[in-house]
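Presented sequentially are two complexes of subunit A, the first with subunit B as partner and the second with subunit C.
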Partner chain A sequence: MLDVSRVQKELMECNRDKAISGVSIVLHDGGSDLSHLSGTITGPVGTPYEGGTFQIDISLPSGYPFEPPKMQFITKVWHPNISSQNGAICLDILKDQWSPALTLKTALLSLQALLSAPEPDDPQDAVVAQQYLREYPTFVATARYWTEVFAKRTSVGIEEKVQKLVEMGFSEDLVKNTLESVNGDENMALEKLCSG
Partner chain B sequence: MGLIKAEGGEGVGLGEGLEGVSGRWEVAKVVVVGDRAGGRDFPLLAMVCTFYQKGMCSYGSRCRYDHVKVSHHQASASSSSSNSLPYVASDSVQITYPLMDALNGEFKAASSAPKELTASSKPFVPPGKPAWTQTFEIHTFPENQGGHVPMAVRLADLPICSFAAAGSCPHGEKCPHIHGDLCSICEKHCLHPYRPDERVEHIKLCQKNNKRLEALKLSQEIECSVCLDRVLSKPTAAERKFGLLSECDHPFCISCIRNWRSNSPASGMDVNNAVRACPICRKISYFVIPSVIWYSTKEEKQEIIDNYKAKLKSIDCKYFDFGNGTCPFGTSCFYRHTYKPHAKRPPNFRPCTYRPRQVVVAEEAIENIVRELVIEEELVDLARQLVIEEEELGDLDTEDIGSFLGMSALLMQLGFDDWDSFSDDEN
Partner chain C sequence: MADDDDFQSSSDLEGADCYFSDQDDVLEETVLQVLEDGREEDCHWSVSSVITKESLLAAQKEDLRKVMDLLALREQHARTLLIHYRWDVERIFELLEQKGKERLFSEAGVTTIQHKGLDLPDSSDPVECNVCFENVSRSTVTEMDCGHYYCNDCWTEHFIVKINEGQSRRIRCIAPKCNAVCDEAVVRNLVSARHPDIADRFDRFLLESYIEDNNKVKWCPSAPHCGNAIRVEGDIYCEVECACGLQFCFSCLSQAHSPCSCLMWELWTKKCHDESETVNWITVNTKPCPKCHKPVEKNGGCNLVACICGQAFCWLCGGATGRDHTWSSISGHSCGRFKEDQEKRTERARRDLYRYMHYHNRYKAHTDSLKQESNLKETIQGKISISENKESKIKDYAWVTNGLNRLFRSRRVLSYSYPFAFYMFGDELFKDEMTTEERELKQNLFEDQQQQLESNVEKLSMFLEKDFQDFSDDEVMDTMSHVINLSNVVDRLCKQMYQCIENDLLYPLQRATHNIAPYKSKGLERASELSLCWDSDQSMSVKTYPEDSYAQQNLTANGSGATLPGRHSVILHGSSSDESGCSSRKRARTDGLGGAARFDLNMPAEVVDKN
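Presenting the complex of A and B:
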C-alpha cells in the first residue's frame, strides 16, 4: 500500500521552499492520483543546462517508500546518464541504492546534481557519453542547444527576444507590444512586425 | 464518611455461622460501606477483644471490641499474630489497631448496630500490622495511658499521615499523625522522617520515574525517518514503538524499519547489505531492538539493549527446541538454549564463543531451496507452527520468518555442521 500520508507530507515539504531549492512537485496533470506526479527542476547554474526548466514524470510504486520511485525526464536532455530518446535516468539511488529515508525532494535534488556532474563511465546514453569523453566542446554546445530548444519556456528570456528584435531596427515599445500580442513567439512577432 | 456494619457478635452464633466456611472463627467482620473519603477505601475488620479473651481488658464494658468468649485454642491463635488469622474477607484489609474514635475517647460498647465513623479521623496504616506496633503519640491521647495498647514508642514505627502524603491534610498542624517531609521530586509530604532507608528508596524511585518521564517527553517529539510521523503519536499501541538499530542512532518506528528490513527489494538490490543498512547512514545493523522510549545517551541505549536481550534470553528458542531441533544462530542465538533432562546432546556438543559472521547466504538461493522443499509436509507443518509461534510472541523482534526457515532449510540441505559460522542475525 502506498503511504499516502507520507506522500502528502513530502509534497508540502518540497513545495514550501521551491523558490530556493529549485525543485517542485505537483500532481500529474492536476489530477488526484497521488501515485502519479510530475516534478520540475531548474538547470544548475554554470552548466550547459543553466536557465532550463526540466519536467520529470514520477510514478510511485505501491511499495513506496520501501521501493524507489520511478522517474523519467519528459523534457529532452542531452546528458550522458539520461537517455536522449526516452528520458530514462541512470542513477543508483533510483535503483539499488534507494533508501526509505530518501524523499522525492532529495531524489529530484540528486537529479539536479547529476546534471552538474555527469558520470560518463556509467552511461545511459552511449552516444552522448562518447561525445562527452571525446569531443567535450561539442557536447557542451549540443547540451546548451537542447536546453535552449526544449527546456526554455516561451515566457523565459523575453528580454533577450526584445533585444534581438530591437537590434533588427524596430522600436522597443513596438517590439514589446507585438511580442505580447503573439504570446512571446519570436518568429510570429517578426513576421507581424515585417508585415505591419 | 463510612458506615460500619458489624456482623456476628455473639460467640456461639458467629461460630455456627462461619463453621461451614472454614471451621475456624473469631473475627467479627466489619465492612465499611461506601467509604470514599480521601479517595480511599478503608475496609475494616473489627476484632473480638483479645485482651478480654485473656481476661485482662481494662476497658471493660466500654471496650470498642466485642467481649465474647471463644475457645482457648482460637483465642491463642488470634493473640499470637494478626497475620495468622484464618478468616479474612478477600477484599477486606485486615487491620487490628483500635479505631481512632475509640482512641479519641468516644468509647462505646461494642455493638452490632451500624455506626458512623468519620473517615478523616482514620489514619492510613499499612495492612497486616499488629496492633501493638501502632504506638500513637501518648501526649495526644492521655486517656490511652495504661490502656490496652502496650506502649513502646518508636518513632520509626509510627505511620505518617496519608492525607499529607497524598496532598493536603485537613487537620493541618493539629493532625495527630506525623507529617512526612516534602519530597522535592514528587512534591508530596511522603518522606518518613524517622525511616532513612525508606527515604532513600523513595527518592531513588522518584528520580527513576522522573527520568523516565523526561525521556518519554523527549521521545514524543521524535519522528520516524521513513513514514515521517511522530512515532509515539501513531494510532495503535503496537505501532507506538521505536526500532533501535544496534550500530547507529537514527530513529525509526518499529513497523517501518522491520518493513524495510524484510522488504523483498526491487531487482538489482543487494539484499544482504542494502536492507540491513540504516536507511539514513547505511551502516549495517544485524538486529533491531524494539523500545517504547527513545534514548539520549549511550548508557540508556545499552540499558534498553540489555533489557531486551535479557527478556529474549528468558524465552526458549523454538528452533533449538530443548536440544531436539537445530538453531541456525547457534550459540549466538538471543533466545535460551536449554536441554531437557531427557534430551540427547549431540555427540560433538561444545559450548562455543561468539564468532563473527563469515558466510553470507544469497536470499535467492534460499528461496529456491525453500520452494523445492516446501512440498514436504513436515516443512509445511513446521512453517505453520512457526507462524503461530511468531504471532504468540508478538512483541518480540521476529523479522523475516521466511529467511529463518530458508536458512535452516539450506543448512539441512547442505549438511552444514558448523552452525556457528552463521552468526546471529535477526533472531
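Presenting the complex of A and C:
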C-alpha cells in the first residue's frame, strides 16, 4: 500500500542538501523498513534550541502520502507545542492540514520553524505554555537547559552530573536546582554550591 | 359533593385570570380564549414535516434550485455553498448582501473564476505529478477549477481517503493551503472507475448532508431507526411526532419533556440515573399501609390507594385519608407542597437528597400513573363498545376517548412539571437569579397551579375509570358532563402553567436562557409528509431541469403514495441496503462528538420504559 517509490525519492531528495537545510532522514535503527524512519533537525539559531540536535521518530501509515506521517520527538524538548513527557507534537500540517503534496522534508522544516515560533495558544503541553506566557525568562532558561542536557550529543547526561555533585556531599534537591539555574553547566554549579 | 368541587375550582380559575364579572357570557369567554391561543401561536410558530428516504432528494433539490437560480450557479457549486452555510438559504441571501459574491464563494471554497490552464504547461510533453513524483502523460492528469493538477491515480487515492474519513461533503484540493472544494463530478467519475461502492457512498453522503449539516433538519432518534428525518420551520424549540409515531424534543432529540427545558431534562435524567445507582428506593413500587403496614401496590391511575384492610391513603405522601371524601381530601391536603425543614435536616447533602426524593417521588408517581392509564385505553375501548351496543339514547362516546387523551397529555405535563420545579426553585441553575423571597413567592405561585392541576387530573382519572357501561342514561350523562368539564379545566390549567413558566418564572431571568416547547391542547401534531407540498411547484422545476430524472421518478413515487422499490434503490443507492441503513444510524450517533452518549444519557433505564 505504502508508495515505496515516492518514499525512496523523498529520502534521496532530502538528504542531498542536509548540510544547508539542517534536516535529514534515515531508516530507523539502520533497518530496512521504509515505513519506520528517523529524522533529525538542528535547533534554529537565535533560539533556546540553538546548538541542539533533535531526533524525531517518523512512522508512515499505509495510506502515506494521502494520510499524514506520524512524528514524535525522541529527544526531550521544552516547548509549548511539544509534550515534555512523550514528545508528541501539536502541528496542524501533521493533522487536518496535511496535504499529499507536502513531503517529510517540508514537515521537518515546519517542525524547525515551530521551534523558532511557538504557538502557545494551541498548546500540546499546558505547563510549558503557561510558563511561556507568564514567565518568559524562566521558559527560555528551562528550554536552554533542556537543550543543553538532552540535545547535545557531547554533554554528559544530567543524571551523571547530579550523581557526581551529590557524591561531593551536596543534597540532591539542591544540586538539581542549582544545575537548572545555571543551565546545566557543571562547573558553574559547583562554584555556586561552594560559595552559597 | 365531588361535583361542587369541580365547578368550584373551574370558576375560581376563570375569576382569577380574566377581568370580566361573574355574569360573563360564554361568548366573551370564547373570544378571550381565541385571542389567547392566537397570541400563543404567534410566538411559537413551527411546522414540521417528515423527510423520508424517498423525499430527501426532492427536499434537497428544492433548496439547490433556489440558490442555483438566484446566483446562476452550477448544481455542484450551489451544493458546496449550501453545505458550507448549513443549508440555510435565507442566510446565504443575507450574506450575499453583506459580503458580496466573491467573499461568499471563496469562504465556502467555491471556485467559479476559472484558473484552468494557468499552471499546466501547454506542450504535450509528460508532466510531473507533485504527489507521486512520476512523469505522466497529459491525458492521465486532471486539473481542478483552482488550476492545481495531479495525476488521476493520486486524485483518486486522495478522494477515497477523504470519503473514508467521512469528509465527502468538502473534499479539498490536494495543494497545500488551497481552499477550493473539488468538483463533485470529477470525484464521482474518478472514484467510480475504481471503487463503484465508494462512489455510491460519496453520493449518499452528499445527499444526507441535507440532514447532517442542517440546523432545521434532524434524524428521528428512533431505535431501530425508522429512516426518517424531520424538518422544522419556524421555532425549532418544539416537540414533534415522526411518521413512525415517536414523539421527541426537536432540540435535544430526547423524549418530549416540556415544560422542562432541554438542560433541565438532561440534568434530571442524569441525576435520576446516578441516584438510582446509589439509592435503591426508585425501584420500590409498593408503599406500606399507614394502618397495618402491609406493602400495598398501586394498580389504578389515581393516587388514592386502598389497602385490603380497608384503609385508604394517599400514594404521594403515604398519609391516611378518608374513604368518603377521597379526592376532595387529596386536593385539600398539601402533600404536593414541599417545605424545607431546616431544623430537622441540617446536613446539606441529606437535605438535597430529601428534596430530590420529594420531586422524584411525585415525578415517578405521575409517570407510573401515565403507564397505568395507557392500559386503560383498551379497557375503555371495551366499555365503549358495550355501551354503544346497549339499549340507550346515548350513542356518541367520543367524550370518553377525548377525555382520555386529555388525561394523558395533562398527566405528562404534570409529571414533567416536577423536574422543572426541582431546578426552577433549586440552587443548581438559578441560585443567583432570585432572592430568597422572590423564589418563595414564585414557588408558591407555581405550586398553587401545580396542585390545582394535580387534583383535577386525579378527578378526571377517577371519572374515566368508572364503569359507565353499567350506568343508567342519567348517570352516563352525569359522568359525561364531569369528564367534559374536567377536560376543559385541565387543559386550561396546563395552558396557564406554561404561561406562568414563560412569563413569570423564566422571562425575568437575566443570565439564563431556557426555551420551553409550547403546550399544545390537541397534542403533538404529527409531522406532515414533505413531498406533498413539494409536488405543487415541482412541475416547473422538472421542466427547467429535465436531466434530473431522479426527481421526476421520485415525484411520481411520492405523489401516488406507491412504493417503487426499483427506483428507490436508484435514488438512494445503498441507502436501502442493510449495511448503509446501519451506517447512517451509526453516524447519527458518532458524528457530533459526544453524541455517542446521546441516547444513553437521555434514556436511563428508568425513563426508557415510560411508554
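As a working rule, the second predicted complex is superposed on the first by the 154 of 196 C-alpha atoms of A that agree within 3 Å, B and C clash if a C-alpha of one lies under 4 Å from a C-alpha of the other, contacts with A are read in each partner's own complex, and residues count from 1 in each chain.
Everything below uses one rule, namely that a contact is a pair of C-beta atoms (placed from the backbone, for glycine too) under 8 Å apart; a residue touches a chain by one contact, two chains touch by 3 or more.
These numbers were taken from a predicted model, which means no experiment stands behind them.
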Should the pairing of subunit B and subunit C on subunit A count as a clash or a fit in the superposition?
clash
One more residue to check, A:E67. First (subunit B), second (subunit C), both or neither?
both
Which partner does A:E119 reach: the first (subunit B), the second (subunit C), both, or neither?
neither
State whether subunit B or subunit C is in contact with more residues of subunit A in the superposed arrangement.
B
Regarding the shared-chain residue A:D57, is it in contact with subunit B (first), subunit C (second), both, or neither?
neither
Looking at the overlay, what does A:K95 touch: subunit B (first), subunit C (second), both, or neither?
first
Please indicate which partner A:R6 is in contact with in the superposed arrangement: first for subunit B, second for subunit C, both, or neither.
both
Which holds for A:D185: it touches subunit B only (first), subunit C only (second), both, or neither?
neither
Of the candidate stretches 219-227, 507-515 or 579-587, which in subunit C collides with subunit B after aligning the structures?
579-587
Across the two complexes, find the residues of subunit A that touch subunit B and also touch subunit C.
3, 5-6, 9, 63, 65-67, 97, 99-102
Subunit C partner contacts - residues on subunit A that touch it in the complex:
3, 5-6, 9, 63, 65-67, 93, 97, 99-102
In the complex, subunit B residues that touch subunit A
225-229, 250, 256, 259-260, 263, 265-266, 268-270, 274, 277, 279-280, 282
The residues of subunit C that touch subunit A in their complex are 130-134, 150, 154, 157-158, 160-161, 174-177
The subunit A residues in contact with subunit B across the complex are 3, 5-6, 9-10, 61, 63, 65-68, 95-102
